[in-house]
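This is the structure I have questions about; it appears just below.
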Amino acid sequence: MIIVLKRGTAEEQVQEISERLSQEGFKIHLSQGVEKIIVGAVGDRSRLESLDLEALPWVEKVVPILAPYKLVSREFQKENTVIKVGEHEIGGNKIHVMAGPCSVESRSQIIETAHAVKAAGATFLRGGAFKPRTSPYAFQGLEEEGLKLLALAREETGLQVVTEVVDIRDVELVAHYADILQIGARNMQNFILLKEVAKTNKPVLLKRGPSATLEEWMMAAEYILDGGNNQVIFCERGIRTFENYTRNTLDLSMVPALHALSHLPVIVDPSHGTGRWNLVPAMAKAAVAAGADGLIIEVHPHPEKAMSDGKQSLTIPNFTTMMDELESLSTALGRPVKGAR
Amino acid sequence: MIIVLKRGTAEEQVQEISERLSQEGFKIHLSQGVEKIIVGAVGDRSRLESLDLEALPWVEKVVPILAPYKLVSREFQKENTVIKVGEHEIGGNKIHVMAGPCSVESRSQIIETAHAVKAAGATFLRGGAFKPRTSPYAFQGLEEEGLKLLALAREETGLQVVTEVVDIRDVELVAHYADILQIGARNMQNFILLKEVAKTNKPVLLKRGPSATLEEWMMAAEYILDGGNNQVIFCERGIRTFENYTRNTLDLSMVPALHALSHLPVIVDPSHGTGRWNLVPAMAKAAVAAGADGLIIEVHPHPEKAMSDGKQSLTIPNFTTMMDELESLSTALGRPVKGAR
Amino acid sequence: MIIVLKRGTAEEQVQEISERLSQEGFKIHLSQGVEKIIVGAVGDRSRLESLDLEALPWVEKVVPILAPYKLVSREFQKENTVIKVGEHEIGGNKIHVMAGPCSVESRSQIIETAHAVKAAGATFLRGGAFKPRTSPYAFQGLEEEGLKLLALAREETGLQVVTEVVDIRDVELVAHYADILQIGARNMQNFILLKEVAKTNKPVLLKRGPSATLEEWMMAAEYILDGGNNQVIFCERGIRTFENYTRNTLDLSMVPALHALSHLPVIVDPSHGTGRWNLVPAMAKAAVAAGADGLIIEVHPHPEKAMSDGKQSLTIPNFTTMMDELESLSTALGRPVKGAR
Amino acid sequence: MIIVLKRGTAEEQVQEISERLSQEGFKIHLSQGVEKIIVGAVGDRSRLESLDLEALPWVEKVVPILAPYKLVSREFQKENTVIKVGEHEIGGNKIHVMAGPCSVESRSQIIETAHAVKAAGATFLRGGAFKPRTSPYAFQGLEEEGLKLLALAREETGLQVVTEVVDIRDVELVAHYADILQIGARNMQNFILLKEVAKTNKPVLLKRGPSATLEEWMMAAEYILDGGNNQVIFCERGIRTFENYTRNTLDLSMVPALHALSHLPVIVDPSHGTGRWNLVPAMAKAAVAAGADGLIIEVHPHPEKAMSDGKQSLTIPNFTTMMDELESLSTALGRPVKGAR
């Protein structure tokens, strides 16, 4: 940590800071420039959180040198984390596609979709049973009935199931039916919920919050790892910017950035990331080319009748075409989308 | 609602949309231009949520005409909502100042602060007992012990207490001690928590999410009103933008905007809104001049020893000076900060 | 255009608006709902710019239906614009890579780089002779000397030259040496400059402004086409968002979006788009997979000695490796990076 | 400047950096931690611009300690710059209000407005003769004819004139007629134009770019001061964010921030800052309470007939009422809006 003191800081104030840092176990290096005094402090960053030196009037700024995250970092664990879900491995060589409707609406809808996406090469079925909706008047999901339909679809097709949990009281219930627990974007910093999913032994798909920085997102994952569950999958789904032609701005640079900074797998959601079905195939291909370990895609047999987010859902023929295009692309990259490994 | 159809949409597709809208109880007006076909649909917006017409390939865009909120709107209730908290009224003529530390840290800290802010003219004591922190390694609050200290400070000073609730399992506990329940910025769209505070009979201070639009914020309030609790106070606390000299960008235009669109009171948090104590007094005055019904300000007897957010906390002398300046300003506006009404 | 009138608008005010619109040649459709009155107006959008109906107090909002751009739109011209530069075609099947240093610094630097990027498969040489710099104290470019060195490099290697013009007084000079004129991001809405480059017969590479919406960007291109030059190449280079791990947020969704809305070619600049050389290869591949017609990449023989933007420059070996990876990817997509067509 | 080196950086690489810095005249302090090596370098920041150390693969990050601006900083000049325009002083005790239409449209329009805003207490007339418009098809201003009308209004009313210059070829012409040259938001980083206005002896009103950080804005002013003109007035006019209820997000925290960091005056434009006339009076008051040295406000005698931006223009009665409210507010602050000083 570097502490920059204002010009004209008195000797005794420099002393005071040095002593407080020493007490907290930091090693101190003083560097007196013409315009500024710079204090270098080497020690444990987690102790810094409670020091809040910027509250001192003669401190101009504090510059942290070490990253605030630990367990999620590539420095902590060099090799990639590979997460086993049934017979599948996320973070291994194969690219996994998770597909299905925004909301589970009916037995026929989910079963029809599951068979179709499986046939096209998907390995996971997505679908919401509990829906966090901006409006209290909007459809809020089929709840446990929806979970049962997902489980039924798994039985019929062999697809693994990923679905969102929004309420700590439902974590056990959702974990009973799901293979992967999804934390939605708006809950990325719902630390209470993060601590609860950390207690399960289920993999967690952690969506990026719409205004979360890379560092905040990694810290949210740190909560889950610190809570005892190290099966976290990052999911980039777009951030909120001034551009509103697209629903969000899909930030694909997070894929190589996370692969550099962390050992955890990264997947991409181009459906929420664009909000427009006609942009989804191009962005799915771009995500794979950027190195994503998987994709999560909204597919609906009749998007125009969907109870939520039909605008961004692919029809089954469009999804099937996209999977074929992905396959030739990913083969060139040496990471199959459809094949076993 | 206006539905714009693409050039060359077939007659039968226009027919299909018209029929679906009619079935949902909408009255239809067709308008055939040279370049576009425009369908006007008059009816209940809440039914639209499940129609998702933009999923239809021949629909270019859907433009909602009515606002999605109802109970929070000025159209629904013309006169201002005035919220009674003890002997105080929020949303009436008097401007209320809520002051205190970011976190409750100790008995002496909270009691000393409470006496000082009361003497300076504050009517509410703020202080966090449950702290949602970006890092799992940071101080997370004194929890129930903190709530007890807040209640003790209330007893000693007569200040009313506002404090944050983060976990649905604590709603009852916090409501037992607090006079106003605060929903933090990161929980603004934690709909599960919103539904739980809606069940209490306590006023709710609803902070704006760091990336929430005005409409989303009003919809979050709508959840609480729809749940049976109409004592909601909006709190602008800054939004996340590219500018990082300040911690957030305090969006004071929300004050007159909310007063135009809603009947609920609006207060401002310049401490989180700027993240720098030296900018707080200017922005507090600006908030009052913009028409805010109150302020919430971080004050700490020793900011340089604060366990969180000391950088943005005022010292007691600075707070006292600011209150004097506010008083002369607000007197000119006819809305006292210190007086009874 | 749809005009929504407030509840309770008087008959005569409705009349006034209708008459003004009729005078401007619009056909009017009135639609009286319970809560709102809706006026549909069919006619020439360009006349709307001067009406400014939202200034009328009884107008709630005005919703344009037609896009404001015309010449750049896919509706205006169905087939792709293919831009010929020497023997190359931009917007055709082949993907062009433009590579070179941020600034032209010396003869040896630019010649060495030109030979190297040519050998790796690039078809264009980029390099700045006039540099718009945030600081008046930073290196501002070699000016005409730089242009001459670019021309020399073209002579030696056969690469075509793309370079930025920042001053209207230099347009002729730059056009004399360059094969493509680049408009930098900060000048995207420098309409004076746009009008001047429109008068040349050189292709224009139009970078997206850091806070430009898709519509504003297309309108900037419209200025150039309207000025008589229809050889415009869009270049996505990232937008400014709250995320500052990367220098900008590269918005690849613009590639398929522009291809849907416009007939003009689209290329991508992952160097400025990320600001970090180690993210460039992944994002270059992603851009190609998203359908980009080309790439513009910063390459420097000794990035650590670059006079600007070395942080985001690839070394020659890194660039060469990236080109090989791109080639196998783009071959799978049927659009060669290295081949002739 | 602090340079953080990656773990495992070899001794010779540390040596290399130290030597390069020494050659550039920096004094070096090495600090070897367990996890990082930290190099402190004390010297002239302007030399750093050309070093670009982050391009070195073993450099993790470079943290500048000194601000990049010099002439505009409060450290360079302690006392406020007061700019004399005719008999007026901007940056002194009195708050100046600049008012008038977005565009000069006709003799009667500008003369009527000038008399009215003067009567209400304004000291400057604003009005655009050269309009940078997003669309090439929109009204682009009356040009020199508009300048003449502004001069005529000055003659008739005694108001001073502020108007925008967009083209370097017009700088002399505009300076001939105007008392203050305005640099519009989209030209804030048009460095060519900044250098030209720096050569005049006219005060420059420098609007903040829609996506400019505080530092970039100060650097733009630095261009003008470095060019020999130290009469710069900052004008906050809102930044582009995700919120689109307002046209921009007016960032009033820049007022106290600039007053802390710079000696130059700061004014606020609540018309462009909100884009909605009904929010203007509240934000004008907020700006004054935040410490602004002036305001620039759009006023039009018939906003519904304005050729640009009528939506955000006040009528004359609304402007007059606002001025009365501002006067009582500013009197309480000891800084008259209407009085002489």
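Per-chain residue numbering starts at 1, and chain names A, B, C and D are given in the order in which the chains are listed.
Heads up, the rule we're going with is that contacts are C-beta pairs under 8 Å (C-beta built on N, C-alpha and C of every residue); 3 or more make two chains touch, one makes a residue touch a chain.
Note that the coordinates shown come from a computational prediction; the quantities given were computed from them, not determined experimentally.
Considering every other chain in turn, the ones in contact with both chain A and chain C prove to be B, D. The interface at A-B recurs elsewhere; of A-C, B-C or C-D, the pair that shares more than half of its residue-numbered contact pairs is C-D.
Among the remaining chains, D is positioned farthest from chain A, on the basis of C-alpha centroids.
Centre-to-centre separation between chain A and chain D, using Cα means, comes to 39 Å. Chain C and chain D have centres, each the mean of its CA atoms, that are 27 Å apart.
Centre-to-centre, using mean CA coordinates, chain B is 30 Å away from chain D.
Multi-chain contact residues of chain D, defined as those touching 2 or more other chains: 211, 240-242, 244.
On the chain D side of its complex with chain B, the touching residues are 211, 213-215, 239, 241-246, 249-253, 255-257, 260, 273-274, 276, 278-279, 282-283, 285-291, 328-329, 331-333. Those residues of chain D that touch chain C in the shared complex are 46, 49-50, 52-56, 68, 132-139, 166-169, 186-187, 189-192, 209-211, 216, 219, 222-223, 226-227, 240, 277, 300, 303-311, 313. Residues of chain D that touch chain A in their complex: 2, 4, 7, 27, 29, 31, 33-36, 38, 40, 42, 63, 65-66, 75, 240-242, 244.
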